[in-house]
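You will see subunit A twice below: alongside subunit B first, and alongside subunit C after that.
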Partner chain A sequence: MTKKKSIITDQRFIVLLVIIALVVIYMIFSPEFRQYSSILSMLDFSYYDILMAIGVTFPLITAGVDLSIGTGMVCYALVAGRLVRDYNCPVLVAMLICVLFGAIVGLANGTLIGVMGLPPFLATLCTCMITRGISSMVMATPWPTNKQPGGWFHSIFKLTFGTGRNALKLPVGFLVCVALVLLMEFVLNHTKFGRYTIAIGSNKEALMLSGVNVKIYHVMAYVVCGIFAGLAAIAYAAVVPTVQPGTGAGLELDAIGGVFVGGVSATGGYGSVIGTLVGVFVIVLLKTGLPYVGLQANWQQIITGIVLIGAVMIDVAKRRRMAKEQ
Partner chain B sequence: MKKKLLATILSAAMVMSLLAGCGGTAASEPAAAPAEEAAATEEAAPAEEAAPAEEAAATEEAAPTEEAAATEEAAPAATAGGSGEYTGGTQFDGVTAKEAYKFPVDVKSFQSTYWQAALKGMDMAKEELGVDYDAHGPNSESDIADQVNMLNSDINSNPPGIALAACDTSSVLDSLKECADKKIPVVCFDTGVADAPEGSVVATVATDNTQAGEVAAENMYKAIKDVIAKAESPVRIGEVNQDATALNIQQRGMGFVNKMTDLIEADGKKVAVVGNEFYANEAKKAHSDLVDEASADVVIEVSVPAQTTVELCSTAAQAIMSKSDTIAIFGSNQTAAEGVLAADANLSLLGSDAAAGDVIGVGFDAGSIIKGAIEDGTMYGAVTQSPLMMGYYAIYALTMAANGDKVEDFPTAGYWYDASNMNDPTIAPNLYD
Partner chain C sequence: MADAILTMEEIEKSFPGVHALDHVHFDVRRGEVHALMGENGAGKSTLMKVLTGIYTKDYGTITYEGKEVSFNNTREAQDAGIVIVHQELNMIGDLTVAQNIFIGREFMKGFKIDDKKMIEESKKLFDELKIDINPRDKMSDLTVGKQQMCEIAKAISHQAKVIIFDEPSAALTEKEIEDLFTIIRDLREKGMAIVYISHRMDEIKVITDRVTVMRDGGYVGTLITKDCTKEDIINMMVGRVIYEDPKTESKVPKDAPVVLKVEHLNAGRMVQDVSFELRKGEILGFSGLMGAGRTETARALFGADPKTSGDIYINGEKVTINSPQDAVKHGIGYLSEDRKRYGIVVQKTITENSTMATLEKYMSGIFINKSEEKKITEHYIEELATKTPSADQLVVNLSGGNQQKVVIAKWLVRDCDILIFDEPTRGIDVGAKNEIYKLMNRLASEGKSIIMISSEMTEILRMSDRIVVMCEGKKTGELDISEATQEKIMNKATRDIA
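Entry: the complex of A and B
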């Protein structure tokens, strides 16, 4: 296979073209979308999707899934936010609690799936319900705003210089996300944990027979996912004015959909974190961009669904060809 | 090993839920002093002669000293509230309970202080009437099945009457049918059930959402009137509605659009209503003289997000606010209003001086983010409902129904608040965090 051919058939490349096409279409049809502030808002609302998606890439590559990331994210943001509001907990500690809470739920998911052998869909559906239940007990919580003490955490995602209409705002969160994507891409491809994660998805039995302690690596995939859901909680708290209890169901689907668009195989065993990044951007562009071109609510979801079908069909075709080549 | 791990995880989960639980209860004490509530009730119900003394008595133990002062303050503030037609009416005059009834009350949830304000209103009424109530509610407002179960077990205990704030109006229809069969009177509060079975719901105590939308339009128009009058090119007013399906949002949305259209047309300008099909079509039904966008002086653009989340409300708001001709925007519930504020985090267009080019933002309900934005002048003002009054009158209506008297529907008002009156004793108790 020549190198040129491999680039063109690379799903990530196709997805990148889709992103460029979407942006061009939006910019042609909507003068408002061309404004810097629109791009800034789109990025604001993409960070938590990207972070959730980086995490859920790992369970998905093991041919599992994590449905608890959406409600989990909201739950961590609520609990930690309440600690800040009611117990004067420093924001830094609250951020650590988000990540820790995420890791614990990830550990629970991993144990149920990797050790006790529950189907991933079922196990994470249960933790999804549990986190949603916990978040229902907490009151609606705003994290400190930019101007309040403790609001410094906003600058992880957006640096603001000056005030008012002429303030310069830099979306540094994007760089943070890209750095994490590159880090996790490295972890996936160049560490024992990453390679075994892929192996669990492609042939778990062969891995077990070769003497690898599969359980530990299987659990770790879910812990990583939980940690990123915790990081997503911080990004979510930074953009949503008030975190509402009992919400978050459905947000995981944006992230999971993005991962599939980005080329992770629907049956596991293949994928990349860079692909996840571009895949999530397609979902984010469809979610936040379509209102600018005046398309009403229902169309946004229909189009997102169609794009997802397209992405999975590419995956199916790819596997068929690979089977033929073998 | 497995067991140990499981035990660790379980205990960790318990600790976490404990923490979560603590968070909920510790935060659940609203700042409003009881005395203020007494004042609030008096203001909104001047027709109710018997009330003041009794209410004062009810709250005396809690705040004996503040009470008198708060009541005095209430008098001048009375005009700031709703209009005269929402003042209790005469139907509740001289109501007394024939027995010491105990009513089950089904609220949508205990999550927000909104519902706690409603329960406070119920407490006041129960002290006055010598009745009692027992409140139940699911974890969150979307746990519809849980609420239906609670309602059904209430019906099985054959109570003298039930107060219901339905999470989902169509899911409670079977239960309401049973109430009608068993002759248990139901008073709906906060949310009406439009197609309730005959004989089940005896009265509805809920915000008049059309009026609440109109209040938003009237007050917004005061701020942008001059800009519209002087405008040389068409200007745009935005409205973000969380959905186009819930009755209360529809009524609020149309209340705003229709009132705004009336006000602008009265000043001789041409109006177009564009955007979401439902709202645009409803507007055409109400106003035959609407023009299309190209020939309008003022364009009212209504946007509805794909899902009822803040981020999508925010995107919808931003798409409108980014247009250079936009002069004002209304978010018709807490989520939509916070969406407007989230959009403004990157746009920095909102302010209170329309003549200087600020976009006038008007919200709905409360919550600390909206209250903060109104205090610092980012948001021009908002409309609040009166959960306290709804709870108060729901118990009165139930008592009348249990006595066997006829009760009429009782709409409560939406009140305008801005930086100047948000600390008034008539307004503050309704502004939950």
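Entry: the complex of A and C
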């Protein structure tokens, strides 16, 4: 088969071991972490990161980037929220609008990058600013807090049976995420879109000379990313108490970092969506888990940075070894 | 010529300032391997680019399978059955062999790419070509030779009738070349028409049926390979051009001190056991065809690329050069063939460029002493006759020749005694060329020692006191200017008939 290499050298496997190690450490040092409700709340806060990361995997594989997903996500959530609150828009329609809005911003990014040739960093930095501006405009009055269970999109992500302390809560959102990961892994490996996404990152020139309309596929990578930012907006609105304009900047970096930890090549051309899932989980564990063991949340940033350096160094070492073997 | 599948007649192509193709004729028959030869810049690649639609011709006709054709892009040429196997391979390293072969025309099963069928089809292709490659392997895991086989398989899968090989053997090992020839012979049997571009004389004799020679964008002639000798081909390649005032003898005294001695320099495949000496006041020409390893030798000497072994002596003393800093410290300056990338910063002024390698000399504390900097720059503007309104002019506004002078000034400011000029006049017009030549001669007469890498025969014969000839990473000869002729140089620059 294609994957002759042993599972041990697979970066995704190494990352999985890191996850298990982290969970074990947390469980030993924090009795609180051992509770089901802690795990549930941790999962809650992982969904939007996972969804953003799935999407941004595609631009990253093309050797690009999308910095607009964080502020975009907040922006879409606010637009949908206002529609629901002030215009009595059905929740389902609001959700569709989130996704549609994300797709439009993705299309703008893709057109700027794939058709007009702007550097991805710059193009998406601009849309990042624009979406942040729109957030502030949309938000005329403060967003009402929404803590009651079952409110807003909450039920999509956590099915609750019964009431009170003994209620049984199922993390449906996690299953949804896993299903989407598997779907996009298939898309990446077995459809034209996925294959050309890899080819753009690996050798765009060669793909063009093969007679493929590279522009369309390049744009599509960003549209897919935007759609997932829209889905992330739904998840974000479902879990945070208040969606505030002006937030969201920086969240994209957690997702992008997770993708790299999951083994996407920093120079494009190689990656997997399953890798993204495990990679982003490391980030989430560091982000939400460290307070359980008594470490300040600031430590998350530092440790995440170090983990990321490690992951990228594995990639660099891999490339160098391959170059040597030639 | 009834059996010619492809005929190109009276092909004309001009680029601004260059007459790239001048009434060129070329034809290839079914079941023949036809070599296309010529010096660097003779127009071989341009001709093939016109054929495959990368360039549009200005004039002339291309007849293919009895019909006049004109392709607008490689895709159209490909669909018609004319495929080019490039010297630089166009492969997507992160995809598998099968995925590469069928890129852009994947077999589909609904939304899903039918990888299974692509692997099967690739296997069939490889069986047909008797090549042992696993279609499931990742492209970047294959050797260059195997990658090239994949390119050929891809070409054939396009139902190719004409395959053009552009210097296919340049990166291959002996064994891989043999395999390649087996495949080419096989394709010839099957009636395919093959165009083979190469500099390697021995290969031309072994594999081709006819040879067409081009020179300076013009058509020289076509020979039947088995009836001609290497000398015949070389004579056609170099022609009988009268070169502008060639140097007849060296004025450098025989006992001039050796300022630089390089012994057994090795650096990868492109630099193998190269030894030479450079005397004070001498211009040492490095001649050879594209890919002979001249620039690589210079870069290894200069410390820009790592070397595996070799000793360097400067003024009789053994020195260690592991980086360009080391080389500069020992008084070696390198003027790159790619000025814009390595030589100058075009968006900066002449002054800033001139003192770039020497800035520490013009510092007062932590500040740059602007007036000192300007003084030395103006001195060299005058000295080198650089045409500019002032030292504050941005380099981007200068002509190619004057830009080159700024690079020279940079190394003179640095007090370099050994200057390596890599293609010093590339992209420079004739008038400016003469000025650069004069300047080089003057520098040499003032006691600087110069290594000049050049692909232009005129330049080599006009400037050099001695000539080192390289071929495929090895030094193949050394000639004094008094005995050098273009035939002798070309003979050493091409591989001997095995």
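By our rule, the second predicted complex is superposed on the first by the 307 of 326 C-alpha atoms of A that agree within 3 Å, B and C clash if a C-alpha of one lies under 4 Å from a C-alpha of the other, contacts with A are read in each partner's own complex, and residues count from 1 in each chain.
Note that a residue touches a chain if its C-beta (ideal position, glycine included) is under 8 Å from a C-beta of that chain, and two chains touch if they have at least 3 such contacts.
On a predicted model such as this, the values are computed, not experimentally measured, just so you know.
Of the two partner chains placed by the overlay, only subunit C lies in contact with A:209; subunit B stays clear of it. In the superposition on chain A, A:201 makes contact with subunit C only, while subunit B stays out of contact range. For subunit A, the partner touching the most residues, choosing from subunit B and subunit C, is B. Using the contact criterion defined above for the overlaid structures, shared-chain residue A:269 touches subunit C, although it does not reach subunit B. By the touch criterion stated above, A:37 is placed in contact with subunit B alone, subunit C being left untouched.
On the side of subunit A, the complex with subunit B involves touching residues 30, 32-33, 35, 37-38, 40-41, 44-45, 75, 78-79, 82-83, 85-87, 101, 104, 107-108, 111, 115-116, 130, 133-140, 142, 145-146, 164-165, 167, 169, 239-242, 244-247, 250-251, 287-288, 291-292, 296-298, 300-301. For subunit B in complex with subunit A, the touching residues are 2, 5-6, 9, 12-13, 16-17, 19-21, 23-24, 26-28, 109, 111-113, 139-143, 275-277, 303-307, 309-312, 314-316, 318-319, 322-323, 334-335, 338, 341-343, 345-349, 367-369, 372, 433. Of all residues in subunit A, only 1-2, 190-192, 195, 198-199, 201-203, 205-207, 209-212, 265, 269-270, 322, 325-326 touch subunit C in the complex they form.
Chain contact summary for the complex, subunit C toward subunit A: residues 74-75, 78, 90-96, 99, 103-106, 108, 111-113, 115, 136, 140-141, 143-144.
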